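Let me begin by presenting the structure, written as structure tokens, before commenting on it.
Lettered A, B, C, D and E in written order, each chain numbered from 1.
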Amino acid sequence: METKYISQSGIEQWFDAIVTSGKRVFAPVNSRGQVDFKPVKKLSEVADEYIQTTQSIKASVYPKAEVLFSYEKVNGKVNLTDFDPESVPETVLWKVHPCDAAGFKPLSAIFNWDTTDKLHNAHLAKTSVISFSCSAADESCFCTSVNGSPGNTAGSDIQLTMLPDGGAIVEILSPKGEALVALSPSVFVADKGEKKEKYLVDLPVRFNLEEVNAKLNKAFNSTVWKEQSERCLGCGACAFVCPTCACFDIQEDAHGSKGRRIRCWDACGFALFTLHTSGHNPREHQSQRWRQRILHKFFYMPERLSVVGCTGCGRCSRACPVDMNILEHITSIAKQ
Amino acid sequence: MSKIGVFICHCGENISATVDVERVAREIGGMEGVAHAIDYKYMCSDPGQTFIKEAVKKYGLDGVVVGACSPRMHEPTFRRACAEAGLNPYLCEMANLREHCSWVHEKSEETTEKAIDLVKMLVEKVKKNKPLDSIKVPVTKKALVIGGGIAGIQASLDIANTGHKVILVERDPSIGGHMSQLSETFPTLDCSQCILTPRMVEVAQHPNIKLYTYAELESLEGFIGNFKAKIRLKAKSVNYSTCTGCGACIQKCPVKKIPSEFNAGLGTRTAIYVPFPQAVPNKPVIDRVNCNYYKRGACKICEKTCQVGSIEWDKEDEIITEEVGAVVLATGFDVKGTDFFPEYGYGQYKDVLTGLQFERLASASGPTFGEIRRPSDGAVPKKIVFIACAGSRDPAKGIPYCSKICCMYTAKHAMLYQHKVHDGESTVFYMDIRAGGKNYEEFVRRAIEEDTVNYVRGRVARVYEKNGKLIVKGVDTLLGGEQVEIEADMVVLATAGVANCGSEQLAQKLHVSYDPYHFFAEAHPKLKPVETNTAGIYLAGACQAPKDIPETVGMASGAAVKVAALFSNDELVREPVVAVVNRLAPPLYSTCVGCFMCETACPYNAIEHEEIKGRDGSLIRNSARVNQGLCQGCGTCVAFCRSKSIDIQGYTNEQVYAEVMSLLND
Amino acid sequence: MSSNTDFEPKIIAFVCNWCTYAGADLTGTSRLKYATNVKIVRFPCTGRIDFLLLLKSFAQGADGVIVSGCHPNDCHYTSGNFHARRRWIAFRSVLDLMGVDIRRIQYSWVSAAEGSKWADLVNNTVADIRALGPYAEYQKVADYLEKEGYNEEA
Amino acid sequence: MKKLRERAAELLSQGVVSLVLGYEEGTKRPRPLFCRNSVNAEKLIFDSRCIHNLAVYITKKELVGKERFAVTAPISTLRSIMQLFVENQLNEEKLLVLTVDLNGELREFTTFDEIAAYVAQFELKRGEREQELLSKIEGMTREERWKFWMEEMSHCFKCYACRSACPLCYCSKCVVEVNRPQWINPWPAPLANMEWHINRAMHMVGRCTACGACGDACPIGIPIDLITRKMMEDMAPEFGYIPGQPAKQGNALSTWKLDDREQFIR
Amino acid sequence: MKIGFYPGCSLTGSSREYNESVVAVAKALDIELIEINDWNCCGATAAHAMNEELSLSLPARIMAMAEKQGLTEVVVPCAACYNRLKVTQHELEDDTKRSRVIDILKMPYQGSSRIINVLQLLEMYGAENIKAKITRPFAHKVACYYGCLLVRPHSILKFDRVEDPQSMDTMIKMVGGTTLDWAFKTECCGAGFSVSRTDLVAKLSGNILKDAADRGAEALIVACPMCQSNLDMRRGAINKTLETPSDIPVIYITQAIGLALGLSAQELGLKRHFVTVEL
């Protein structure tokens, strides 16, 4: 762990060096009226004025649909082609928010809970995260309430804190980070002693996580779920933009004698998610599915995996077509 | 894993000449789920069918694909064979290797590969087939016969004599049709009316026949065994229950100059009329188009003369509904008028007649009481020319077919003329003489040899009038192509027989197919000549194609037998190709959400509403349900259903999807 | 249009049982010849033909599709072809809006008596599709799971 | 608005209805409110910002219950309600529709015909956004349209917010969930997404009332509402219906006319 | 009223009187005829039997020139020319043939000009005018002779009744004449053999003249230069085949109408005939 300073032109040089190294670089880009992570080649493509990207970096690290294996039957014999971790390209994520970077911990906790997930780990291994601490937030942000902060370095390989001169404080947090620095070592100079905290947005804590946890412990049969979820349409928007949601579906893409097995994103909010073949559905109503979503993130995960399933990025609130504001709902549970 | 048996037919050499059938069997044999695949010279033969039956038992097949001819030909054959071997017949499908492959392609690699694809497609389909049970529907044992000519009369009498009820509908005020207009009939020269009228009377008096004259079919709904016919009874303006048929009104009717339809325009009739003296029923109707009262609001002379007060001025058309189990179409034909022929004067020469008009001239009941006289001046023609194939066999005129009856009746006409005008001279221009039929050739020879009719093989280019004569310019192709010019007194055109007017509309009402000339189409040109493509609707007589009286009567009796056979069962077994709305376990019960858009899409009103209720009797959901009796299996609802809640047995989503995918997946 | 002589288009024909299937039977009994590229799938009626089947056909590698049934007023089921006609009007419009190449779908009415029309239809459609070339634009995206793939090739 | 609150409170307290579906202030804009008692009626608002199509809730029995309920409905919602009537999804006896007309007067409807008479005075027009985007799309070549939509579709992750937000997507099992056969590939991928949206457009032919709820719900901003809107506009003259005026004459695709266009049929 | 005009070779040579009468009548009816620039042969020679491309290209060029001039309607008095132009227009509805011909012409051709004969011109644009301007009713009993090229093949020309055309009869009746109902309206005059087998021409034309004479015609009215020349110029030879020689004059429909409109024999070219015209 080392802290350095980089000038505005230094950032530009370094960025070019990363791109020329052949790694894929994803950064927030403003297009189609939305800011989202996209492959970029130039620093000028990177978006400036925005609070949050629509989708989390999950969308850049994990494909929405991914081939687990493929097969072909030739003369009665099956040839199987398994997932190849080496096929995953080296990827650098530029300008990640701390709340996004923090999402890798809960994701890893889920994917490696009982068995280790080859695909997840391959993607993670090939990904380097350069986060930027936050100097702005909006009414949906609440990282400080879920053990995070605008300058949280968890999950980051390097964190930059932008300074008024256009330069930045560089925190080098991991060997992967060091490797990135090594691509253009000359632009990193000695730390000027600026305090990082001075440049972070002030985001008050909105609820007490332990209090919420304690309330949720007794809330399974509460009427709050029905009340809160009435307007929920049961779409999967919240889950798909969430940095920690990990539900997936397994599908077969079979064509005659060949085919492949595909893992694709799913959402616990879908009615079909828990539908049994018999027709029985243990989570038949939207209120039950809403309860699952909240309990899973704020109760089951802390209890079983020792990690909160929410990083406070606020994307679900922003994406929801009917304003299912998670902060508002959690706050109201905490106050009950 | 499925156990499909595949049987590839050589069809003699019809398939094997262009398709490598052994390779087809070999490659299909290697397919997933195919337990047995062979090829054989004639799969439809007894030994061929035995192969299938034995294989079903030996390999425990749960599906059979026969790669042979069109399923439209032999599907029932092979399904029956499967059923006899204990396999549900609907687990048998046919790949069309003959009509769709071997006959339409040259021998090549591609042709064999296409054949393999076609079989593969059906193998994949059959894997998704489900055993189905035939559907049983009750049969209404009453027949509807449309058309009261000799075909309709014969069919009605034959059906009625088997003890079943018949509704006979005739468009004109009397039954009898064209046959009643004929003078004598070939090849015996017996009087047409003499042999027909007893039949007409029999129809009128038969307890099993209900006769509606001056009536037309309005609509037909339903299906075999269960039709609902709406019949329009046109207002006759005469109350038949009180009318005595005395004819006084006809005598007094002041409108006397209406061209008589019965006399093919050569005579006249009144506005209140009976078409001909022997009409059945022999009671008049008022022709409202020509009646003074209906035209101008005054007259009513007939009402004054009617002693029993039978005239009903305000009578309106009435529409009645009859439930019937079968329909016989016997709507007959029409002949082209002389105005169809510009080269013969556009119909403006009074002495150029159609064959039908000549029949009326020759008929004892005709306008000249059987004397051959010119319509223009009443003179007896001394020279007469008959032109055969007027319109027929002439693609330029849009009638490439042979009208079949003209050769014979032209010979008859010439003969009748010679018998009536002893010093007359008759000439027949012909293309060929087609006299196939019992005693037909002899009849023509008699005309030529005994009655000295002058037969000239050649066509007539033009007929024109000069100095009161009709100049016929033709050619004699047998004598060196000499041009022939005859100054005739009368010319008779054997004009083409064509479909009756309105036949196209009628076919559409009944959903039967018709050929390009609007004649109704039989289900199979050889093996199903009296059936139509619509089950329960049969054909009799010239509505299918021009034909003579013996043939018409034979066909009518054939249709009657088909009806009688249908009526011999109380229930009818139908193919289970019908739509079904899914029913599932609770809590869904069905994926149908009851938008009932299928209801508007269904051409047969087969969609019903069903309330699905819980144990406590509370309504869970409204769902659609298909009435299997009404459903005809078109599947329009299936393609329309957004949630895929309806499927059609025999062509399920899974089946057709598997077929398409098999063609594309390598 | 350039003609692509080496290319053998894959064409699927969706036809109704009563008119076009029977018409194609007549082509056979009349011994008229046509290209082997077209394979017929039998349906009871054009009304039964699901638009999704057409989409799936293209996705699975068909270069062209023929949809054919009874002439107006000749439908064995009275109005299945009228329903189908409406469906195709709408479907063509959606496809065109989305940029799908609707020239690759050939609609036709072929009656049971039009054996020669069927042969002509097949031959003309094969020639038309051959001229258009393979429907690579559609087929290549069929397997893609992510967007990058098609962007790179495009 | 005051009248609306008073009337809602009255309806609830008198037990005329058990629920008033309306709008309340939300985080950034109004959001749906399930108002089940007269106290909550104070939260009700109704103004031009209220654009959620509440008709989406009225086919959900578990939400609206078996008793009579009321729904506040701007024009676009009224149109959806009409279409739901046409599709046999509503019961006139159980539904009370409230709206505020141009003069600020509270209006109440119970039948299809009443709504139809009211809605008839409003013509369905393209807004600025629709006009701009649609003229852009209309100006493209076929290949450009394909590229445009494939690019858009590549962003879709199949959250089905479009389906969930649409009042007319009330099937208990959507065609994408039917897997025998699997008509539409369930994973998000450019063509699988395209197939879903083509399918959605086909299912909406003659039904879509252009409320825009699907486009509004899309979290990644794909202008999917334009597909169904454009279809509605193009098919209206073709099949003889008035856009935004559902009529009880059967669906455009379940009916037909003898003289429907067929130049494209060889 | 302006209208395109294609005279063709006959009207500038053997049938000058036809040209003169067409122009005179058009002028009298306030119809302005605009001759197609640089027009060429219509191919009504042996060309159309020998070389299909040439037979289509020649008329196509004429019509292409007319299109270039912006003439949407072109009157073609000569029946042979009229026939060639109409048939070509029909043939070139076929895309392959059209693009081949355009290749040959190196000129755009759309086939958009409407080709009409003199009878159509008079019927469409002159009928009312003629009625109003009659100064000397054409009070003669005449036989209207149409020949073959004006009405055949009917499927392409779609003009008048094929075996018993009426349009000239109507026109004559309009200017005060009576017409014969006779049988030879469209019989062959022998045109095809007018050079090679004049004996056949004499026989066939003789049949026509005889029937007209038998039925008391004062004149034959024609609208085709070929018919006119066969019936008029070959009269000597014809008369040798007839029992009773005939001196019935053969005049163009435009001449008949011109007379009714009060135009002089000079203006109408009536002095150019072989058989003296005294009407």
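Simple rule for what comes next: a contact is a pair of C-beta atoms (placed from the backbone, for glycine too) under 8 Å apart; a residue touches a chain by one contact, two chains touch by 3 or more.
The structure displayed is predicted, hence computed values, not measured ones.
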Discussion item. Once the contact rule is applied, which chains count as partners of both chain A and chain D?
Written reply: B, C
Discussion item. Return the chains shared as contacts by chain C and chain D, ordered by label.
Written reply: A, B
Fill in: Most central chain, Cα average position
C
Worksheet item: With respect to inter-chain C-beta contacts, which pair, A-C or A-B, contains the greater number?
Response: A-B
Worksheet entry | Identity of the chain that, by mean CA position, is farthest from chain E | A
Worksheet item: In whole angstrom, what separates the CA-based centres of chain B and chain E?
Response: 49
Fill in: For chain B paired with chain C, centre-to-centre distance based on mean C-alpha positions, whole Å
32
Worksheet item: Which whole number of Å gives the spacing of the CA centres of chain A and chain E?
Response: 89
Item to complete: With chain centres taken as the means of their Cα atoms, state the distance from chain C to chain E in Å.
Response: 51
Item to complete: Return the residues of chain D touching two or more other chains; collapse runs of consecutive numbers into ranges.
Response: 155, 175, 183, 187, 189, 253-255
Worksheet, complete the sentence: Multi-chain touching residues of chain E, meaning two or more other chains, are none
Item to complete: Find every residue in chain A that makes contact with two or more other chains and list them.
Response: 64-65, 255, 262
Practice prompt. By the touch definition up top, name every chain pair that qualifies.
Written response: A-B, A-C, A-D, B-C, B-D, B-E, C-D
Worksheet item: Within the complex, which stretch of chain B touches chain E?
Response: 342-343, 345-346, 462, 464-467, 471
Practice prompt. Would you pull the chain A residues touching chain C in the complex into a rising list?
Written response: 39, 63-67, 255, 262
Worksheet, complete the sentence: Seen from chain B, its contact residues with chain C in the complex are 70-73, 96, 98-100, 103-106, 108, 110-111, 113-114, 117-118, 121, 508, 511, 513, 515-516, 521, 533-534, 577, 601, 603-604, 632-636, 638-640, 648, 650-651, 653, 656-657, 659-661, 663-665
Worksheet item: Which chain C residues qualify as touching chain D in the complex?
Response: 51-52, 55-56, 59, 72, 79, 82-83, 85-101, 106-109, 121, 124, 137-138, 141-142, 144-147, 150-151, 154
Item to complete: Quick one: which bits of chain B touch chain D in the complex? Just the residue numbers, please.
Response: 588, 591, 593-601, 622, 640, 642-644, 653-654, 657-658
